Amino acid sequence: MSIRVTVWGENVHEQHNEVVAGIYPRGMHTCIADGLNTHDKITASTATLQDPEHGMTQERLDQTDVLIWWGHAAHGDVDDAIVERVCDAVWGGMGIIFLHSAHFAKPFKRLMGAPCNLTWREAGERERLWVTSRNHPIAAGLPDYFELENEEMYGEPFGVPEPLETVFISWFQGGEVFRSGLTYKRGAGNIFYFRPGHETYPTYHNATVQQVLANGVKWAFNPAARIVNPNDAPNTAVENALEPITERGPRLHKDGEEGYR
Amino acid sequence: MSIRVTVWGENVHEQHNEVVAGIYPRGMHTCIADGLNTHDKITASTATLQDPEHGMTQERLDQTDVLIWWGHAAHGDVDDAIVERVCDAVWGGMGIIFLHSAHFAKPFKRLMGAPCNLTWREAGERERLWVTSRNHPIAAGLPDYFELENEEMYGEPFGVPEPLETVFISWFQGGEVFRSGLTYKRGAGNIFYFRPGHETYPTYHNATVQQVLANGVKWAFNPAARIVNPNDAPNTAVENALEPITERGPRLHKDGEEGYR
Amino acid sequence: MSIRVTVWGENVHEQHNEVVAGIYPRGMHTCIADGLNTHDKITASTATLQDPEHGMTQERLDQTDVLIWWGHAAHGDVDDAIVERVCDAVWGGMGIIFLHSAHFAKPFKRLMGAPCNLTWREAGERERLWVTSRNHPIAAGLPDYFELENEEMYGEPFGVPEPLETVFISWFQGGEVFRSGLTYKRGAGNIFYFRPGHETYPTYHNATVQQVLANGVKWAFNPAARIVNPNDAPNTAVENALEPITERGPRLHKDGEEGYR
Amino acid sequence: MSIRVTVWGENVHEQHNEVVAGIYPRGMHTCIADGLNTHDKITASTATLQDPEHGMTQERLDQTDVLIWWGHAAHGDVDDAIVERVCDAVWGGMGIIFLHSAHFAKPFKRLMGAPCNLTWREAGERERLWVTSRNHPIAAGLPDYFELENEEMYGEPFGVPEPLETVFISWFQGGEVFRSGLTYKRGAGNIFYFRPGHETYPTYHNATVQQVLANGVKWAFNPAARIVNPNDAPNTAVENALEPITERGPRLHKDGEEGYR
């Protein structure tokens, strides 16, 4: 059985910026999906902001095991209702990987509950990513560090919650550091943030980056059946209590009534 | 110097339900604030949903070190813009304590990025809270357990992210358990969720509960000056890099330009 | 490929206590291994305290993907050198599952760095385990709770470090709660503590308990090649620095010298 | 009331190495204590390896709120019984701060349960420490980064458990990164690891480093009374159960009997 990946691309720079179009003629999302499709047991397809419902219909989400999200210039154009739909899928068990400038994507901010801010500089400087958790599944097959000769700098403090685990930390030529690989869990969904991938550099053509993405997909994949109503808060009737109890005192609600939200 | 606490109460049941009005004639928020004001170095006041801007003006938040939030029937009436204002204050360093049914309050859900759901039963059953982290500041002065003879049941699974620390776990007479004291950090703000406090029982008159709230206030208080712009993502110009670097490759942004959001 | 599991049993009560021998005539370890061997892709064998080197030779550890440890009466008889050998294997990537009274086993205490103490009562009371992390791999296929009609009670506070994730919390008939399923990571090794399994009750014959153990094995398994020297602290010579630097100031060590330990 | 700090120094290099003696003529421990004593509400004294019982008598530990530990050349000379005594104090609530090469100190390795290894280079290169958790109490009064012009390099992967919080990450001139400020909790004791402080450089004369140490002391201090027997695992008799239960099935232990260890 293959892990079904959907790579969501904003697909704006590729249409309007010659440099980006030159590096990613078929779009960044297609490059990422092509890389994943070279790996066994991963089947990747794409969706973009411009698709109906941004390509994020309920049907599509139901058939997506792991969603990868790249956005930058058009975060604000993503419909709030679709953001909630994506988050529901995550809470129900869909894995999700946020790339680079998606630190400010609506679904990432929604899932983190934090500012997700950082410092940045666009100078094509050297980035060196260090593995901080040896033999972590996301670092499988990687040496203790790898380099990207030209990348945008992201610097600490990175305004995210303390992660489940820190997998990578970046060193930047200009003097900054950044927690570049972080894992989280929200509901039944595994979340991985991975820093590299500025659109004016060929980062997603890099074989080690592609390996990290494939590793991330395998790590984020939860084979359990999706939780159908991940927001349910069911009432348990007194007569169905697991230990026999007798109702005491006053009540607000009638048996079987819905709780307030 | 005193820690300035604002107790935010929804103040709906107290107006419409005789039982609740009987237990909390001046409102649950006032009872909670009165309890806190018996403690040294805490000065508590109140605000309610019905106040202009729900009492949560920028000025009020600026003068609040720790906010306590109780809501239930009217979560949906809280204005989204005010939710964001509260979250900004938390990210900037304001402490916040969410009580009982505030597990579904908008600011809690916003800060958790998770469903925050649970199971529940209103039977006035016995709850016994066990301390899971001995000598945690929030458990200061407490024995290893304490009991509330009549409470609403909340049961696992509780749909929240893995906490920084689990401080209390509840045993319920009807057979359930619940993580009743959980700590989080979002931005510079400390967050404490505390389960007890169903409105039809006199929970906030209980001395041990009042002690936990006072402990929670002291734990959540961050004496550092509030971060003014907790969402800032400043650009660092190439010529100001801490280590000398030379710009290489193409750019999207001009020097000093704002990043995308 | 199959996950190679070694079930380590202290094998003392089975030899000296008629009740235990009656429930587990071939030893608790054999019962646990038999249960695991009914699952696809798991091959379990056993080792006991009485074996040469407690059955924990380097060769055996090298061929063990996940080690399961049950001990109680003879924690002190486990040789310290073998404890270190087991911990080295964990740090190098071997998974390990500690059962029940192994909360006081030497390798568990060594890996936790904490007292690992608790309260207890031997009354054959009802235990109900609640899943706190829905769709966690260790809870795969499980309902939201399951019951063991007769078990020893373990109560909070449980003196362990805050876990990576809490997977189960137990409710006890006599009024206590306990964090019964906890995950940790030490070095490259995944660690799972699972509470049930008092030797005078038939717990390891229970199908749901067997399912949890099989799930735990799959979760703890790290397919990466074992780290050969998990304690190495290599010196990086100045001339091999990744960025060109010039040595400045005084030194304690010569090039290539070992650091202090 | 003042926080009582004991600064433990190995005091070996200061006696045998002219460079170290020149920078710290009265010992590194004395320099650290002097710095702390300039802060309000902190009273620091010193102890060394050469003192009877390494200066770590039970009486001394009982009167120590926060212990600071610097060691390097003589880790192996610290008596194992005293290591356990120190750990017992931590589990009972004593705060502890480990500095620099104390990553390989026996009490640190004992409390972490992990290899605590790293890579290193002694080249007097530039280290820049970035704050990763703005307004964390340990970073109080600090800018987003500070620099040490000459330090030893420590590089990732750092073989420690995932921390409670990451407070500082270091950038090194030669191309490495390191998690330089990490917090943990073991039992009731708060633990802070802080990286800088190689003995051949004047790091502990640096005002910002001294500020971090004072902040760390205030953060690590637990005002609760020390837990007297942090390893106790008390039996709860059936007749004292909080909920009435009847004993069922066979038992191993008699009432009031000690459990196995």
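For clarity, chains are labelled A, B, C and D in written order, and residue numbers in each chain start from 1.
Here, a residue touches a chain if its C-beta (ideal position, glycine included) is under 8 Å from a C-beta of that chain, and two chains touch if they have at least 3 such contacts.
Note that the coordinates shown come from a computational prediction; the quantities given were computed from them, not determined experimentally.
J.: Among A-D, C-D or A-C, where does the A-B interface recur, judging by over half of the contact pairs matching in residue number?
T.: Within A-D, C-D or A-C, the interface duplicating A-B belongs to C-D.
J.: Per the definition at the top, count C-beta pairs in contact and tell me whether B-C or B-D has more.
T.: Between B-C and B-D, the larger count of C-beta pairs in contact belongs to B-C.
J.: How many angstrom lie between the CA centroids of chain C and chain D, rounded to a whole number?
T.: One centre to the other, that is 27 Å.
J.: Using the average of all C-alpha atoms in each chain as its centre, how far is it in Å between chain B and chain D?
T.: 31
J.: Using the average of all C-alpha atoms in each chain as its centre, how far is it in Å between chain B and chain C?
T.: Each chain reduced to its C-alpha mean, chain B and chain C end up 36 Å apart.
J.: Send over the residues of chain C in touch with two or more other chains.
T.: Answer for chain C, listing residues that touch two or more other chains: 128, 133-134, 155, 159, 162, 164-165, 173, 175-176, 185, 187, 242-243.
J.: If each chain is a dot and touching chains are joined, what shape do you get: line, ring, star, complete or other?
T.: Here the contact pattern is complete, since every chain touches every other one.
J.: For a test of understanding, state which residues of chain B touch chain D in their complex under the given definition.
T.: 93, 128, 133-137, 140, 145, 164-165, 173, 185, 187-188, 222-224, 227, 242-243
J.: Hey, which residues of chain C end up touching chain B in the complex?
T.: Checking each residue of chain C against chain B gives 128, 130-134, 144, 155-159, 162, 164-166, 169-172, 175-177, 179.
J.: Residue numbers of chain D touching chain C in their complex, please.
T.: 13, 17, 19, 72-76, 87, 91, 101, 104, 110-115, 117-125, 150, 153, 155, 159, 161-162, 164, 173-176, 184-187, 199-201, 230-238, 241-243, 245-253, 259-261
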